[in-house]
Every structure is written in structure tokens, then in C-alpha cells.
Amino acid sequence: MRAPSSGPEIAAGDVLLAVENVSLAFGGVKAVTDVSFDIRKGEIRAIIGPNGAGKTSMLNIINGFYQPQQGRITFKGKTRPKMQPYEAAEGGIGRTFQNVALFRGMTALDNIMAGRTLKMKRGFFWQLFRYGPAMREEVEHRLFVEEIIDFLKIQEIRRTPVGRLPYGLQKRVELGRALAMEPELLLLDEPMAGMNIEEKEDMSRFILDVNNYYGTTIALIEHDMGVVMDLSDRVVVLDHGVKIADGTPDEVKRDQAVIDAYLGVAH
Amino acid sequence: QDSIYVPLFTYRTGPFSGSGIFIAEGMHDYLEMLNQRDGGIGGVKLAIEECETGYDTKKGLECYEAVKDKKPVMVNPWSTGITLPLIPRAAVDKIPVLSMAYGLSAAAIGDTFPWIFNPPATYWDGLSMILSYIGNKEGGLDKLKGKTIGYIYLDAGFGKEPIPLFEQFAKDYGFTLKLYPVAATEMQNQSSQWLNVRRDRPNYMVMYGWGALNPTAIKEAVKINYPMDKFVSIWWPSEDDAKSAGDGAKGFKELNWHAVGANFPAIQDIKKYVTDKNLTQTDKNHLGQVLYNRGVYNSMLIAEAIRNAQKITGKKVVTGEDVRRGLETLDVDKARLKEIGLDGFTDPVKLTCADHNGHFPAFMQEWDGTKWVKVSEPIKPDMAKVGPLLSAAAKEYVEKNTGWPKRTEACDKAS
Amino acid sequence: MLYKILIDPFVQMGAAPDLLVQTLWEGLVGGVLYALIALGFVLIFKASGVFNFAQGIMVVFAALTLVGVYEALSSWGVPRGMLAAYLALAVAILVMLGLAFAVERVMLRPLVNQPDIILFMATFGLTYFLIGLGELVFGGNPKRMIAGDLGLPSGSYDIKMAGGFVSLQKIDIAAVIIVSVMVAGLGFFFQRTRIGRALRAVADSHKAALSVGISLEQIWVVVWFAAGIVALATGIMWGARSEVSFSLQIIALKALPVLILGGFTSIPGAIVGGLIIGIGEKLGEFYWGPLLGSGIESWLAYFIALAFLLFRPQGLFGEKIIERI
Amino acid sequence: MLYREAGQFKTSYVADQAIFPIRQDRIGLALILLIAFVVLPLTASDFFLSVVMVPLLIFSLAAIGLNILTGYTGLLSLGTGGFMGVGAFACYKLTSIFPEVNIVIWILVSGLFASGVGILFGLPSLRIKGFYLAVATLSAQFFLDWAFVRLPWLVNYNISGAIEVPTRTLFGIPVTGPNATPQVRYLVILGVVTLLTWFASNLVHGRIGRSWMAVRDMDLAAELMGIRLYRTKLLAFAVSSYFCGVAGALMVFLWYGSAEPGVFGIDQSFFILFMVIIGGLGSLIGSFFGAGLIYGLPIILRGFVNAVGLEIAPATVEHLTFMTVGALIVFFLIIEPEGLARLWQIAKQKLRVWPFPY
Amino acid sequence: MTSSAATASVAPATETILALNNIEVIYDHVILVLKGVSLAVPKGGIVALLGANGAGKTTTLKAISNLLHAERGEVTKGSIVFNGDEVQALSPNELVRRGCIQVMEGRHCFGHLTIEENLLTGAFTRRDGSAAIKRDMDMVYGYFRRLSERKNSLAGYTSGGEQQMCAIGRALMSRPKMILLDEPSMGLAPQIVEEIFEIVKDLNAKEGVSFLLAEQNTNMALKYATYGYILENGRVVMDGDARSLSENEDVKEFYLGISEGRRKSFREGKHYRRRKRWLA
């Protein structure tokens, strides 16, 4: 796999994405209230909090699916009040979803290939003939996708329609699809829900590898504290839409507000 | 054993089966009666075969392909949509098309359309007869000046065809023409059209309707208290159409060219040889109804054309080519009508090579609440107006269909 | 031209208020009758998420059964009149019940939890079947609706106004009343009862509904039966306006814009949608139609519906389209 | 054992990306094409060609068109009939204005007009979804219906109000009009359908097809992956309408020979939609199967009754046909809701594991 | 908290409420998923069903509640007996009426119904009057406070965890005798996970409700269950009472993430692992 490219160079450790004073409410429900935090290039940033705290909404804001009512987002040095989903995608934000959002009617291979759509440029005419440049392009991207498939160890299910896969594998395919976008920032929404320890270990391995080898920045939502504490560099904690803590795993773990709102007992 | 193959395209199913059933019954029963009573025509049995079209062009074409190879002596498509594609094929396949008072009006011009026949009158003839009836009631067509005539029609080729002629009449006689098109999907829902009628208050209403358009229109007319005796239709409404509006429909008029009722020897023979012997699916009290009799009329033309073809060619088993000649020299005069038991049923029919229609007169019949009653003498179509239109239409057809073949078929002398 | 579009129609309205009132009335009646057809669709859609293509043929089938049985009864010696008519009505209702059972058993049960479009397709199969069966049993010729024998009034009230008159057909008034009562009743039944909630649950997800123990079988029979009754009422009303024949199924299409405008799942939506479409298309056809050569009614309804949808993509009363990820 | 991919290794992704990766499939396809292009025209009867094959191919093409929109992109359309009409009328106008240009070219060009109209009526598709989108296509359908009747210019002011197909030739052989033999018409249609099916297959197997399916399966996720919904949907409308338009032109020019506007009515739209559903949404081969079942089945049933020589009135045959077709549709859906194409796949799968049950 | 397992096994596990006998399940006529699974749940017992992704846990539960049919799957061999009745002969709603309800994996709330309406549909089969239903609803709100805050929102708009709570609450509303829980802890905050297991324990102890738990959180599951089955590749590869399972070395390694006596960090995951010996 190649390292992600494009866009202004941001050195590791610099702020890749900053969220400032963002608020979002649905009718009476305040999903996110005045939250600010940043994600630095190359880190694994966890977002945790009790159910309904606004974590998923936060990711949705970051990649443009929800438009915040207040606040600003700075991504790769560019500040804007809101983003369009395709701008986010073109800018290099990839994403997996809490409720698996795969293209159910397509095979695993096609799903991941679909992740390459943005990178494929051959026009309608060539597609019509599926020949020459179109075919070359197809093969070139197929090679890339095969690398991902090997990496995620999902070779056997390449041709299976994803709707029929067990939940855990669906999550893995979804990760593959996000990786196919060669994102600079990868948003993972509960990637390990519904997995057993063994699978969580595998998944952790994948996440770390992506992070280590390709330098992909990762924002991770997860309820398994073991995973969060082990993997993440910094953790932001939300509760009822409000940020209640932000810091290294160890700091957060000992924060009384976090213990009260979320952890219940000290871990 | 030899027989003459007569396919009948019928539509006893589908949204228009209400008319189709009667017509199919009349057509079938008359021919079957000939088979039973006379052993066919000229001693040759008729092989009658129905093909169900459901009034659907697709199925109609399927029927055509299915019968084509069995050497039919003619086809009766019974739908304008099916007739149109058959017009160019007739000459190629050597199968004459009899589209009785429907289809392409211009087909009346025998020189251009040697294989197509549409007696006894075209829709244009129909309109001119309706207007001359109206003129007559008003005391002369020129009395129409300043009056308004409404035209309610099915918004399709059939309903639109008379409009140019209608407009010309309006110009010539100084009346105002109001158009009320009804889309095929809106046939049962005509209240806006009739609201418009209420607003425009036309002195007369003319209708070219089909299927559910007719009963709905009659009901709506009753609803707005439109004077029924000023409501005149082309020849398609049936007894049921009028009946459904109840007493209010009394006085509704339509054009027709043959009698209603079963008091004709031929129809009695149908009863005796066919219906009473259960050789048909026909419901007995359909005999004599206007569309049943129309089917009988159609079959009478078929039978006479075959008989005529046998006479000209001397062959017993005739082909499509022979029957085309038979049709061109068809001459069913009063004596012949009497012979075949249809005395007083209709006026004589005579076709020529040049005129495949005849433009025969029709009369007006009125609904008296239970049945149709003839209320006028035969009315002649206004050939001065219709004639030029026909030749122009035929000419145009040829121009647009580049490569349309010149007539090569020789013209027989009437026998 | 602008004058003709923007001003002239209103001048006309002012000049002949009786016609305006009449147009509105016709629109109202038309709308109510559209709503009745739409109601049949809504019931089934609400209960199973199935778009029932067969509703149109069910209308024909129900009406044919009513009239056919009536004829049969009179040929067996039951005198024509109220008695025979109501006997026939009872039989027709039973037939619709039987149909509901058969549909549930043969078609819906094996297709539980299939995508909507598949069930839609199945109702197309049902349509074909019912067309064949109806024609086989009752014949294809049009029949007269026995409106009089059913006790529906005929004639009209003519009200004088502003130099003209407004004519209110008694049967139309009856239609408005009957439909209102039916809608209110069904609305109450499906909105306020336990069954109502279950229906919405089923429409949301067959699978989840099964898992919480909702009896799809029972619900489907109830709903298809209700739709059958609505079809019967539709058949009577539209049959009385024109005739009972297979071409009646064409008007079922008119329910589509109504349905879409009102929202597929809403009983009040069917009514409001019906009224908007009914009145809108009558006014449009009457006052603006002549500018385009009339007959625009055939598509006007769809454009009206489309215009509304652009502002409310789920229809006026439809359930929110949940977009969440 | 006959049907297996075992032992067939692909050494390049080009081979693996091929549309028929299994050798037996490729041989099968070649055989089918051979039969279609050579054997049938030589042996089949005129009736079979013009009543069965010609319509089947045309309907299949229209079904592929609709399948691209509804099956692959998930946008329900009830305007197919109208779009076919646009193609037919466009072709008629083109060939009357420029009679010297080859008719096959005009048939292929006429689809572009349908595309244009399709895009126009596809515009609401970003905001309106699911069954609700049907209203946009329905308004297209009814508006076009009305326009076809109301614009006499479209039929060159023919008094019949219908398209009257003139005779046109290809290399001197008539392909339209009464003198075109069923064989010629069939071959021309087959050529067009094969070419367009190949195009369709290329499109759906590549980037464009994947974005269509992505939009169908989960439009929100697709959007977040950078697929522009609007463009993708409109492209689907355009391509789909193109196919329908060409099918419409073929239908009128090489099958009916003349057509009243009524043949492009809403019935036609439903008819084709049903072919797509029963054949299999999102499957090209399913479009052929669907056309076969919905159009072909009644013909087979009627033929069957005739062949057996049962003494039943034709109307009754028709009623029974309707009932049987209806029942069979439900039956097929029950045994395989995903359509005949899926049934076909399962059959292949069974063949693959044969002689073991799974 | 550690004592809980002991309390649950107080109920005499003699009578079985649910028994699966060597069942085989095929999807789509061709995909063989369960290859002869047998298990039993004693009346008043909590039984855990463990296993990796795709082992067939969900399929087993669906087979029990007769929902396979809706996914084009079928039980081709074996029998399932619930409370003396052959399950195959009962419709899903009849099963619910008789007290066997499933909480489906992946939430499956009715998106267009509010949370409260969702809970009410859970009581569909009940006939004991609205007062009793109201009481149970309050109980559910008591368990899940977050739900009572959101009770008037459409379920489709609520967060993943809220939906999960809603699905569980909905099942409780039917007053079941036996609950089939598929991944109850998925997507829930740690606090809530514990709460859920407490509820399980509670209902089991107080009302004698039996449970069959398909759960990935092996740790939790074995803590609360009395008995466990481990499913791999459509077969039961191991079973035993919960304590003995959690002491098994393989289970420790593969399902509890403990090796060499301590919890591994997720950072330590290896690319290559020891193969499970029963897969050989």
C-alpha cells in the first residue's frame, strides 16, 4: 500500500483537524454542545462517552453529514463553518459506521472497489468499452484493493455478497472500504462492537498497522475500555453532548467526572 | 376436406370487452349460421377461428402473424391501432383488410389502397351526416350561424380525425366549435369537460367516444341537465351505455346504418341454427342489439365478398387475392339482401375499385329509454366536403410513405 | 399571454361564481372519490409496506361480484330490489373476506420479509389472476351499478345563486358522507387501537415485528379485508358514476398522485391529498386547461403532487424519511 | 463436474475482472450468440421470429434500460413507456427530415433524445426518494402521453395521428416497412441489442456501475465516500432512458410498423417494470429472463392450448391464461424472490457442487 | 459481582425449557450453516452461547424463534422443543405468546415509531390490561434511564446504544418465560453492559426467566451464565458449566484474552496466532 498523498503537507504531530465550539441540536435534543478539540496528525484519538452522548453525531459533523449550527471546523489548515460530504471525502476523510453501512447487494470486492471511486478517473466513453485505459485503470486499482484484502485477511469472502456475511466480517469489509479511499483521517465508529476478544485483537492490529505504517490519523469511537486505553494516544470524553474531559488515557481514566458519567468503576 | 379460412379478431376480454363481446358474437354467429344452414358458402365450409386481441395492438399483431400462414381470405382487425400496421402489409402478404367503418378513412381511396376496405362510411362521412342532421333540425345548415357546437371525443387518433373537417364546417357555416378532449385514462372522470359544457352552453353536442367514455358522458350530460335530444353520437354507443344513465338518457341520439332488433330472417336463422343449438357462447338476448347486429353486418360483408369472389373466379376455395377482388366488386343490392334474409336490415352496399367505402347514408336513431328507435330518413354524407379531404389524405399518405407501391392490381368488372 | 394565465381565469371566476362553486364542488367530490381509492392503497401500505397494484382490480372485482350476485339472485327468483341488493352486498363482503384470507395464505405468508418491490410484483400477479377470474366468472361486459337498489339517492339539489345555479348530485352528497364516515372509522381504528400501532410496526420491519410476536397473518387478513371493503365502496361509487367494467381499474391510477401527495401511510393524508388533487385539477382544467387545449387533467395531478413533494419529500402527512447513519 | 471453475486459474487481474470468468460460461455465451445470429434466422419460422424473438429482444432492451435505473441505481421509474415513446418519435422525425441517413444510425441517435427527457424528469430525484420518486416519472409518463397526442408535428401531421413507418433500407435490403423480412428485422434488432447489452454490461461492471449500486444500497454512505449522488443518479437516468428510447424506436420501426401514441402508455411502463422485477433487479441476464416470462409466457400458454387442440373458446383461453400467468408470477416469486436471474445462479451453484447437495 | 454466578445456579436445573436436537440449517437452499447443533436450556437457567464471528450463533437463535423462514433459511434436520412443543409447528407470534422472545442482533427497532411506541409493541401479545403494561414500562424506564429521556423520539433517530436498550426493553415488555439475547452488550457503554447483565440476573432470580445468551463478551457472559456452549463453524466444539469453561486454558486464550495468566494488551496482538486445536 502506498502512503496517502495529496493536499498540503502537514507534519506528524501538527493539528490535522480542529473542531471549535461546535454545537448541534435536533429540535429539543442537544446532540453536541459547544465542543472543541483537535486531532493531531498521526495520532489515534479516541472519543468516548455514554450512549447518546453525541459521539456519532460528532463524526457526522466532521465528515459533513450533519451541518453544525454553530462552530467551525479546520481541516488541513482550511477553516469552514461546514463541509459537504464529498468535500470531506475528497479531502481525505474516510469513515466506517456504527450500524454497518455496506452496500449490501454488492460483493466484498466490489464494496472495496467502490471505495476507490474517487481515485478513478476514466470517463464514460472508456467505461462503455471497458477497454484500454479503462481496463488498465480497473486493474491498477484492483491491485491496490487486493493488497487491502490481503491485509485484512478477507481473501475467501471476496466474492460473497456482503449482506450474507456475519457481522464481524462486515465490519472488516467496511474498514477495507474506508482504507481503499487512502484517507488521511480515518473515522472509526465502534469498529469492534460485536466482536470477541480474538477478533478485537485482530482489529486492533489492523488499526495499529494502518496508523503505524501509513501514518493515517485515526479517530476512534469505542465502548471497550480495554481497547481504548491500549490503543489511543489521547481521549476526548463526551457526555450529553458536552465535553467533560480530554487527555491521555491515563488522565481520563482517573477523571472523576468520567468515572461518574461513563466508566462506573475505575478501570 | 377443403374449407375457407376466416379468422376473426375479437376482443372479448380487456377494458373494451363491453363492445367487443357483442361484435364478436354477431360476427361469429352469422358465419356459423351459414355453415350450419347452408354448409358454408358455395358449398365450402368456413373455417372460423377467433383470435383474441384484447384490443391490444401487441396481441393483434401476434394474431396477424398467427393467422397469416393459414391463408386467410381477409382480416378484420377491429381496432384502429391494429389496422394501421396492417395497411402496408396487406399488399405484401396478399391479405385484404376489412376495417368496417373504422381505421384509416383515407383507405376509402381504392386506387391508393387496393387491399384495404372500410365500408360503409368513414368517420368523416359520419360527421357530415351528423351535422346535416343537426342542420336539418335547425331548418338548414346556414341556421347554425352564431350557434355553438361542442365536440367531446376520445383524445386519440380516432377522436381527433374529424376535427379538421369539423373546423371547416364551422368556418363554412359560421358556428363556433368547442373541443372537449377526454384522455383515455380519464374516460370515467369527465366532470371537468361537462363543467366546461355548462359554461360554454353549446347548442349541440357531438360525441366520438369509445368504451367507458360513452356511458360516463351520457351520465354526466344527464347530470348537468344537458338537453338529450341535442346530444348526438357517432355509431359506437350501445344499449348498455344509454341504459346506465336511466330515464334521463331518453332522447340521446346516435348514427347507425343498420337496423336493431332480431326480426330478420337471417337473425332468426341464427337463433334456430346456432344459439338454440348451443353452438355459440352468445347470450340469447344479445341478438338484435345494436353492436350484435353490427357484427352480423360485418360478417354479411365477409360472406358476400367470399361469395362474390367465388363467382368471379369460378373457384370454390378462394384465396385472399380472390376475396380482394370480390370485395372490390361487391354489390349487395336490395334483392340480394332479401335473399339472405336481411331485407330492410340495411341499405344496399356496392363497392368499386376506386371507392372502397361507398360513403353510404346512415340514419339517426334515438334512445327511447328501453331501445333504439330510428328517427330519421337516411342521411347522405356531404361528399363535396369529404371527398377532397379523402383524396388529399390518401395523397399525403403516399407522399409520407416513400416507396408506397402504385396500384398494379387489375380492376374487375362488377359481376 | 400573461394576462391569460394570471388574470383572466380570476376574472372568469368572479364573473360566474356559480360555476366556480360548481367547480369547487366537483373538485371536492372528485377528491373524495380519489381519496377513497387512495385509502385502499394506504391501508395495505400501512400494514405491510406493500404497494398494492391489485387495488384497482379489487375495485372491479368487488363491484362485479356485487352486481353479478345480484343478477344471479334475480335469475333464481329473488325479486329485484333492496332485499336482493343487500343480500348481494353481504355476499360481496364475504367474497372480499375470502379473498383476504386467500391472499394472506397463498401470497403474503410465503413472502414475508421480502423487499417491498417484490411484494409489489406479487400484487401484480394477483392482478392478472383476478382479471382472469373476474372475466371468467362474470364475463367481460360492463354492468350497471345497482345504486338505486342499494338505497343510494339519485337526482340533485339545484341551488340558485348569482344568476346561475349550483347542482349538487344527491349521490355525490351520499358519497361524501359515506367516505367521510369510512375514513373517520378506519382512521380511528388504525390510529387509536393496539392494532394500529402494530400495523405501523409491521410496515417498518416484518422481521422485527415477527420477533416481538405480532401476528402478521392476522393483521394482513384484517387489513386486506378492510381494503376489500374500501374497494367495494369504491366500486359502488365509481360504478354509479360510469359503469362496472374492467376499465374501472384505470382510475385506480388516479390514486397514485393522491397517495404520494398525502404520504403513503396516512389516512388523513389520503383525504387531504385527494381534496388537493381533486380541487386543484378541476380548477386547473376548467380555468387554465383551455390555454393548453384542454385535457391537461391527465397529467396535472402528477405535477401538483410533484410540486408539493419538492417541498415535503415524504408527502404532506407521510412518515418522516429517516436519514441517519 | 461439468460446470466448475476448479482448475481454472487466473493469472492476471484482467482475466479475473472479465465478465464471465468461468470458461464454461464463455463457451455458453458463444453458443448462444451462434444460435441467435446464425441458427435461428436460418431455421426459425417467420411466426417465431416476428412474434416471439423480435418483441422479446426489444422488451429485453427496454428492461435492461429500466434495470439500470431501478435495479442498479434503485430509482423506481414508471415512465418507461414515455421514454420509449420519445425514442420512437425522435426516430420518426429524424428519418423524415433526413431520409438519406441510415435508419440504424437514427435508431441509435434517437435514444439520446430520450436521455435528454430522462435527465429532465430525473432532476427531482435528489430530493425525492423511493416510491415517492415514482411521481416524478409518472408525471413524465402522463405528460409525454399527452404531448404525443397533442403535438401533431411529432407525427408529421398524419391524419391517423400515428407514426407510419416508411420503408428504409440497409445495404439495399429493406429493414423497415412491409417488405422487410422477419429475418432481416430480427438480425438488425439482435445486432443493436447485442451491442447495447455489451455496453450495459461494461458499464455496470466498472466504476460507474459500482457507484450506481452504491447509491442504490446505501446512498448516504456512498455520499460520504465521495460519490456525488446527483451526478450518479442523473447519469443513470440518462443511460436508462437511452436504452428505453432505442427500444421504443426499434419497437415502432422494426416490429409494429406503425404506432398510435397509446402504445406508449402507462401499461407499457408497468409491463416493463414487471419484467425487471421478475427477472431480477440488478441483473442484465435477468432482464432477458423477465421479458421472456412476462411477454413470452402468455404466448407459450396460448400456443400450448392450441397445440393440445382443446376445444375451449378463445376468450376462455385468455381468461385462463391470465389466471395462470398471475399464479405463476406469484409462484416464481415465492420460490425465488430475487428473480429468475437468482434462480439461474442457484442452479449454477448447485451444478458447481454437484453431485453433493451443498 | 463475582458471586452472581453462584446465585443463578440455585434453581434446580432438572427440567429443560428448551432443547435443540442435532439441528442443521441451510440458507438459500445451498449454504449449510449449522451442522448438527444440540443444546439444552434448563428451566430458570442462563446459558451462554459463545463463538467467533460467523460461527452460527445468530442462526441458532433464529432457528429457535422460527425467524429463519423470513431470511430464506430452513431447518433441514433435527428438532427444537420449547416447553414441550415442537417449535417448527408454531408461528413466531405463537412462540412469543407462549413466552419465548428474541432480542435480535443489530437492534431492529421500529424506526418510525417512538421509543415508547416501540416498547408498547413489545406488549402486543399480552392480554393482562394496560395497568400491568404501564407497570412494566416503568420498570423498563427504571432500568434504562436514557430511554425515558428520549421516549418521545423516533427510534430511527436515536443513537446506536439507545436503540439497543430499546430492543432489549421491548422484549422485556412481553413478560417472557425465556429470552434469547443476541449480543445484548453490543454498542453499549460499559456501565450499561453491567446493568444489562444485572437485569438478566435479576429477572432470572426473581421471576425465573430463562436465558440463552449469544454473546461476544465472553468474560461477562461466563460470569453470569450457569452453562456455556462454544460454537465454531456450525458445530458445538465445547460445552460445560460456566466455571469450568472459564478455567479452560483454550477458552482463556481465545475468548477471554488471557494468556500466561494476565490480560494481554491490545497493542500486543500478533499477526500470526496459534491455531485453535479443534479446528484441525
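All chains are identified by letter, namely A, B, C, D and E, in their written order; residue positions are counted from 1 within each chain.
Rule of thumb we're sticking to: contacts are C-beta pairs under 8 Å (C-beta built on N, C-alpha and C of every residue); 3 or more make two chains touch, one makes a residue touch a chain.
Model, not experiment: these values are computed from the prediction.
**Q** Out of curiosity, which chains are bumping into both subunit A and subunit B?
**A** C, D
**Q** Tell me the fewest steps from subunit A to subunit C, where a step is a jump to a chain it touches.
**A** Minimal hop count between subunit A and subunit C: 1.
**Q** With chain centres defined as mean CA positions, report which chain is farthest from subunit A.
**A** Computed centres place B farthest from subunit A.
**Q** If you average the CA coordinates per chain, which chain's centre is most distant from that of subunit E?
**A** Result for the farthest chain: B.
**Q** Rounded to the nearest whole Å, what is the centre-to-centre distance of subunit D and subunit E, using the mean of the C-alpha atoms as each centre?
**A** Each chain reduced to its C-alpha mean, subunit D and subunit E end up 47 Å apart.
**Q** Subunit C to subunit D: how many Å between their CA centres?
**A** It comes to 32 Å between the two C-alpha centres.
**Q** Based only on mean CA positions, could you tell me how far subunit A sits from subunit D in angstrom?
**A** Centre separation, subunit A to subunit D: 41 Å.
**Q** On a C-alpha centroid basis, what's the spacing between subunit A and subunit E, in Å?
**A** Those two chain centres are 29 Å apart.
**Q** I need the residues of subunit D touching at least two other chains; which ones are they?
**A** Within subunit D, the residues that touch at least two other chains are 142, 145-146, 150, 220-221, 224, 266, 315, 318-319, 322, 337.
**Q** Which positions in subunit B touch two or more other chains at once?
**A** If we look for residues of subunit B contacting two or more partner chains, we find 12-13, 155, 183-185.
**Q** Mind pulling the subunit A residues that touch 2 or more other chains?
**A** In subunit A, residues 65, 97, 99, 101 touch at least two other chains, as defined above.
**Q** All pairs of touching chains, please: list them by chain label.
**A** A-C, A-D, A-E, B-C, B-D, C-D, C-E, D-E
**Q** Which residues of subunit B touch subunit D in their complex?
**A** Residue positions touching the partner: 10, 12-13, 24, 50-52, 54, 57-58, 61-62, 65-66, 68-69, 80-81, 84-85, 87-89, 91-93, 104-106, 155-157, 160-161, 164, 183-185, 281, 393, 396-397, 400-403.
**Q** Mind pulling up the subunit E residues that touch subunit C in the complex?
**A** These residues of subunit E touch subunit C: 65, 67, 69-71, 91-93, 95-97, 101-104, 108-113, 117-118, 120-122, 124-125, 154, 156-157, 170-171, 174.
**Q** For the complex, which residues does subunit D have touching subunit C?
**A** 76, 124, 127-132, 134-136, 138-139, 142-143, 145-146, 150, 220-221, 224, 266, 270, 274, 277-278, 281, 315-316, 318-330, 333-334, 337-338
**Q** Using the touch rule from the top, collect the residues of subunit B that touch subunit C in their complex.
**A** Listed in rising order, the residues are 12-18, 20-22, 155, 179-189, 191-193, 195-196, 198-199, 211-212, 215-216, 219, 223-225, 240-241, 243-244, 246.
**Q** Given the complex with subunit A, which residues does subunit E contribute to the contact?
**A** It comes out as residues 27, 31, 50-55, 58, 105-107, 146, 149-150, 153, 157-162, 164-165, 183, 186-194, 216-219, 254-257, 263-267, 269-271, 273.
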